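Letters A, B, C, D and E mark the chains as written, and numbering starts fresh at 1 in each.
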Amino acid sequence: MSALVVDTVSLSFGGLKAVDGLSFSVEKGEIFTIIGPNGAGKSTVFNLICRIYTPSHGDIRLDGRSLLDAKPHQVVQRGIARTFQNIELFEHASLLDNLLIGRFRHGRFAPLSELLFLPSQRRQELAHRRRAEEVVEFLDLEAHRHARVADLPYGVRKKVELARALVSEPKVLLLDEPSSGLTAEETDDTAFAIQDIRDNLGITVVMIEHDMKLVGKVSDRVLAINEGRFLATGTVGEVQADPSVQAAYLGAAA
Amino acid sequence: MELLTIADVLQLLLVGLSQGCLYSLIAIGLVLVYKATEQVNFAQGEFMMMGAFVGYQFIVLMGLPYWLGVGLTLIVMGAFGYGIDALVVRRLTGQPVFTVFILTLALGIALRAVAGMIWGFGNYTLPAPIPGNLKIGPVVMAWSSILAILLTALISVGLYAFFRFSRHGAAMLALSQNQLAAFYMGIPVKRLTSVIWAMSAVFGACAGLLLAPITLVSTSMGFIGFKAFAGAIVGGFGSIPGAVAGCLLIGVTEPFFDIAFPTMKGIGAYLVMFAVLLIRPQGLLAQIHAKKV
Amino acid sequence: MSDVLTLSNVETMYGRVMAIRGVSLKVTEGSIVTIMGSNGAGKTTILKTISGALDPFKGRIAFERAEIAGLDPDVVARRGIAHSPEGREVFPLLSVRDNLMMGAYTRRDRDEVARDMEKVLGWFPVLRDFLEKSAIYLSGGQQQMVALGRAFMQRPRLMLLDEPSLGLSPRLIQEIFAIICRMNGDEGVTMLLVEQNANVALPVSDFGYVLETGRIVMEGPRDVLLASDDIREFYLGIKGEAARGDRRWKVKKTWR
Amino acid sequence: QTQGVSDDKIVLGTFTDLSGPLAVWGVPEQKGMRMRVEEINADGGINGRMLELVVEDTQYQVPRAMQAANKLLRRDKVFAMVGSLGTPENLAVMPQLMEANVPSLFPMTAAVEMVEPLSPLKYAFFRSYPEQFRAATAYFHDNGGFKTPCVAQIANEAGESMAAGVHEQLEVYGMKVAATTEHSATETDMVSSVTTLKNAGCDIVFLAGSVKDTILIVLTSRKLGFDPIFVTGMVPYMDAVAGAGEGAMDGLYLVSPFVYVDVASAEGKSKEIVEAYEAKYSEKMAPQAQLGYIFIDMVKTALEKVGPEVTVEKFTAALEGMTDYVDPIGGQHVSFGPEDHQGVETLILARVEGGKWTVAARGLDY
Amino acid sequence: MRVLFRKSYLQDIRLFRDGVQAAWYGGFLALALSAPLWLDGYFLDELALVYIYAIAGLGLMILTGFSGQVSFGQAAFVAIGAYAHTILMGRYGLPFVLSLPATALVAGLAGAAVGRVCSRMHGLYLAIATLSVAIVTERLLGGGGAFTGGHRGLPVPEMTILGLAMDDSWKTYLVNLTLFTGAILLTRNLLRTRSGRALIAVRDSEVSARALGVNVAFFKTWAFFLSAAFAGVAGAMLAHAFYYVTPEVFGMNESIRLLLMVVVGGLGTIHGAVFGAFFIVLLPTVLSLIKVWLPAAIAQSGGFDSLIFGLILLVFILFEPDGLYGRWQKVHHFFSVFPMYKKRGFQRQKTFLKTERLR
């Protein structure tokens, strides 16, 4: 069964149709990439999935259940975590605290136990911390563990966001341009990380990416869109070969 | 209790209108600074108070002709506003707006004390710009209130045009939205900011001079600034038409609230504001926008 | 040809952290120079120090032979340096048109400004549809176009571009670099680029620097750099025979 | 050894408002007090002891008054508190004074609680706010009468107790207040309050308020052509009120337990003092300064009676025995007794005429 | 310089960073506990007042410093606490030990109500909305008739804890110290657990917070609840310190003073609330102590106190926008690297603002 289904979804801003009857589905355990020119509506699709916007038409389903009845803060409970194109971190908190907030969904509101820091709380905190540490190690963030996020360079912040999404242990991970601002070498590392996320953790990955080298390396399937509408889908090779994709997106020397 | 007569209602409406215009004059100063720099000047009420006292100094204590006194007051207050920014506020460039907010709070305390030490803590009378009242049937309106209404209208239109059509107006909007980028564009951020503070002090002084005949000159007259704040918030902080609309709304509803609840006079403005915010948490003309992610 | 910009021994600190540790570099007139380096190497910091957004702790920065270190950024901008910053930094609530016009804030030549505006809209035709739209509602790539256009509207003699290709589609990246070359060639604007995407940046540059943890570790004309194995591997992502190929060289991370 | 009394000095304390809404009272009061202290010390003190006066600024805020009192009591170890200003402030501080066995002398408020319940440590100068307003009510009821009495009250303790006086006295006549408005101290516009009063058809308005609000209400009423009798208590008794609005305040009545002596009308000893004050501070001696001067003078008189060995008990006994004090400025008779801890027994009616306060009647009561 | 080696995750989780820090705090506590032995009643009372304000400050710190909601209405909750406590004890005869928690609950619920209603407001809007809550509360308390004692207010019953009369400075001092220590512990615990982090998330990015599952409105309300509960307890203790509650005690001025307090102390740190309380409470005292040395013409002029107060605040915010705690950290840094201290090594780099009109 498909993990995530986007079913003829539409959304317009004023007169602009940002997403226009778009459908696609992502299989479980797949790495699925969305490409398309700037302003094609890719980030908007993510925002629709995360319930920041409500589609004017269509449905979005996760494991067969519609997401449209979830409030924005309930989306992560259903198992979807994401990163943002422009980085939305908790700037004044340390990297670790950012990750621990990422663990938010694995806990309950227990005011008394929290305020009194009962032993059960201590155990929970330790468990969260251990989880966070694993991700820190996984993404090589050890050096910055206690740094204030606002002081980190762009590329590292990008990784922190990925880490924060990862600690919430989602079923589906949405990555908005994970490699932007990284050098070739770092992009390679990211590619391996994404593969590991899928292979070892069984997380389904949906990503938006402009770096075709990375796309080619990791994606199982690619969807190209333009002006909110479907353009092409298939393997990287197939999509790259599609003339409309070449014209709209890749340009001459692709 | 008797019912209000039509004349009473008219009278209260007019009073509310002119009071609302006075709030607007203060609020415009506030909003101007916010719109152009995103700083919040909690001492705007004290700027107004200083303006009234400086006018009192020139007109009453030194006995200068009224309009000469007014001219000098506006000049002095302009310099004062410029100086406050250049010497004090500018040092916090780049600090969170909240810090500036708190700074101006402290500034207000200091200004009240300074004014008291110079002019005393009493209540002083300053003549009205145009003495006397306009009487239309049973309704009375002070000429200075009419002046306040005209001035408010003039200033709002002027500022609208300024932000809309002038290069510097646009630059001020830009610098409030992204200081670094504004610097990169070669916009003289610091100088423009000081100019804005000067402008807002001048508007504050206008309000002070107009308010003085109504409420007397005293160190505590700046507290009216809170209501101007409420008005500006109702309108959507940062929008000049919004501020005027909000202040008029508050000014006009206030007297009726007071009549309905004569023992709760003074809190109507805040209740109106609260009610508006409940329905529109960003005020009537929202200035807060959803972030695109 | 003379040096437009010279940095000698510049050090920049954030609080107690030294981000730039004695950098010297030169940009000759009419050239395109690229700074490469991994994350956190200090590339952004160098550009910010040049344009006055950061004060250097030590060292001298000369633009057209005049010292500019420690000046306010607006003064530096009026001297003729435009900076297209990392993270776009558009004026979010101004319309696209006003954003572009802000670039021309210091200019008085209305006709020229109008002509430049047309030029920018010609380069980025999508922007024409959004002229009256607030910049905040643009997509990431569209904002990047605004930032570049705005810097160009300043008509600078030296342009500092911080990752101009960030978030742009492959087609636009090619176009942008074509535009950069054109600005450089036709308008004679000197360029100092910071770019992760060295694949596109290096070939169009005349000279390159490589920055590691705040120090310059390698410099040379384009051809020398393009021939260097290290550069090829780490910045161009071209794997040589001896290098790691498509196999990962890091131990595979597992958790759970 | 008694607190605040050493071989060569006696320490007195006061907290007052030097920069808040009632600084118009506090600043001159403080000056008058200091002037008398300096005179006494220049004359060689009291039985060889100098007076020392410690003044704290409360800005008319209770928390600051609490801190000020704590300092005066514990650090400066004052012998007595004299002329401390503000109703809520004094109310809050009183228990501390009692506990520390420090007399509360002539607080600058006419709240009833300054004498009640009777305590050997509490002495008031003024007749209370309710008494002032009862007397005012009685006076106008008996002289001309009224039909629709109204109250414009400030939203604080003082205003409430002033209004209470009106209510009590009206009850005697079987009447009721026709309309009440309540405003806060920072109010800038009184049109709505005045409209309410006007619509209620008030023919007398009791202004249970403070300084600025009193001026504003009267001025606004004049503007709107509303012309009832306006009567207020002692708080607005100052030149600034009489002179406001260039004659517009004329006709305002005020009931006060003390007399304001203008330098023009002063004579003899009183004239000397007023002139000395003017010379010293180069400003007119406001009634509040006169009160401050009198307060210290009364303390001095009592201390002289006590003799060289000063204790609280002896001092309060001397005060209770002080039945024949005449204030050196207004010439008012002040007397205390074991059951009577309120100094001034009379009330006067003052009226604004030609922008100046004049005494319209004496010996008001109810 | 002391370098911290972390050997276990617990080190980041437990109360103190390391033994040295624990020893410091232990020392402070011992010092505070023994204060009645070497301080006279005056200073004990002043210190007790510092503790009370610090409790209110901690509450405001949770709200403003951690959850990022600026409140100008804290005094309203202090007032509600003071009145609730006085009425519960005086009218309903609840013993202190029951009345105090009940007061915290009452004030907390009032706070939660305000928080819930205001949860869609931000920044300045929230600040002014809460300011109006403070203004209206003051007036309503004044107009509350017999129930609140009107403008005259209510006398506060004696403090007796489990039959012991707290009739001495040192006794009330110890009670306040205990509550203060408790408040610090609770705040610290809050911050090292899930909901504390949720508050920080809400402050720094609502979008992200939501994406990670934080119910923003709920946690804003929760912050209001906690902060008002703290304020309520502070109010109850203030009532005891003042013997008398009147609406004037808790006016707008007090709200502003509380906000100034946490800002001057250093927003966003627990230490900040404590430093701020020391500053705000002791400054007037210090001022009147030094006034003795100043020429009479200056010291006796009305307004001098507020002028100096305003100026000190001004200078502080100008030169130490991070507050007293920020200054302390710099001093601390200076000593810990003493011979190598570079003056500009702590240089404040230029910073630039971006609009906060985007949410």
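In the analysis below, a residue touches a chain if its C-beta (ideal position, glycine included) is under 8 Å from a C-beta of that chain, and two chains touch if they have at least 3 such contacts.
Values in this document were obtained by computation on a predicted structure and should not be read as measured data.
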Exercise. In this assembly, which chains make contact with chain A and also with chain C?
Worked result: B, E
For this session: Chains touching chain D and chain E alike, please list them.
Result: B
For this session: Name the chain with the Cα centroid closest to the overall protein Cα centroid.
Result: E
Problem set entry | Chain pair with the greatest number of C-beta contact pairs | B-E
Exercise. By CA centroid distance, what chain is farthest from chain A?
Worked result: D
Exercise. How many angstrom between the C-alpha centroids of chain E and chain B?
Worked result: 31
Exercise. Distance from the CA centroid of chain A to that of chain B, rounded to the nearest Å?
Worked result: 47
Exercise. How many Å are there between the centre of chain C and the centre of chain D, using C-alpha atoms for each centre?
Worked result: 74
Exercise. What are the residues of chain D that contact at least two other chains?
Worked result: 19, 23, 27, 155, 182, 184
Problem set entry | Multi-partner residues of chain E (at least 2 other chains) | 139, 143, 207, 301-307, 350, 352, 355, 357-358
Exercise. What are the residue numbers in chain C that touch two or more other chains?
Worked result: 14, 53, 92-93, 136-137
For this session: State which pairs of chains touch, listing all of them.
Result: A-B, A-C, A-E, B-C, B-D, B-E, C-E, D-E
Seminar exercise, completed: Per the touch rule above, chain A residues touching chain C in the complex are 13, 35-40, 42-43, 85-86, 134-135, 137-138, 151-156, 177, 180-189, 192-193, 196, 200-201, 210, 212-213, 217, 248-254
Exercise. Along chain B, where are the residues that touch chain E in the complex?
Worked result: 38, 40, 88, 91-99, 101-103, 105-114, 116-117, 120-121, 176-180, 183, 226, 229-230, 233, 237-238, 263-264, 266-267, 270-271, 273-274, 277-278, 281-283, 287-291, 293
For this session: State the interface residues of chain A toward chain E in the complex, per the touch definition above.
Result: 50, 52, 71-77, 81-82, 84, 88-93, 96-97, 100-105, 107, 109, 111, 114-117, 121-122, 124-126, 129-130, 133, 164, 168
Problem set entry | chain E partner contacts - residues on chain C that touch it in the complex | 13-16, 53-55, 57, 92-93, 136
For this session: Would you tell me which residues of chain E are touching chain A in their complex?
Result: 9-10, 12-13, 186, 189-190, 192-198, 200-201, 203-205, 207-216, 222, 268
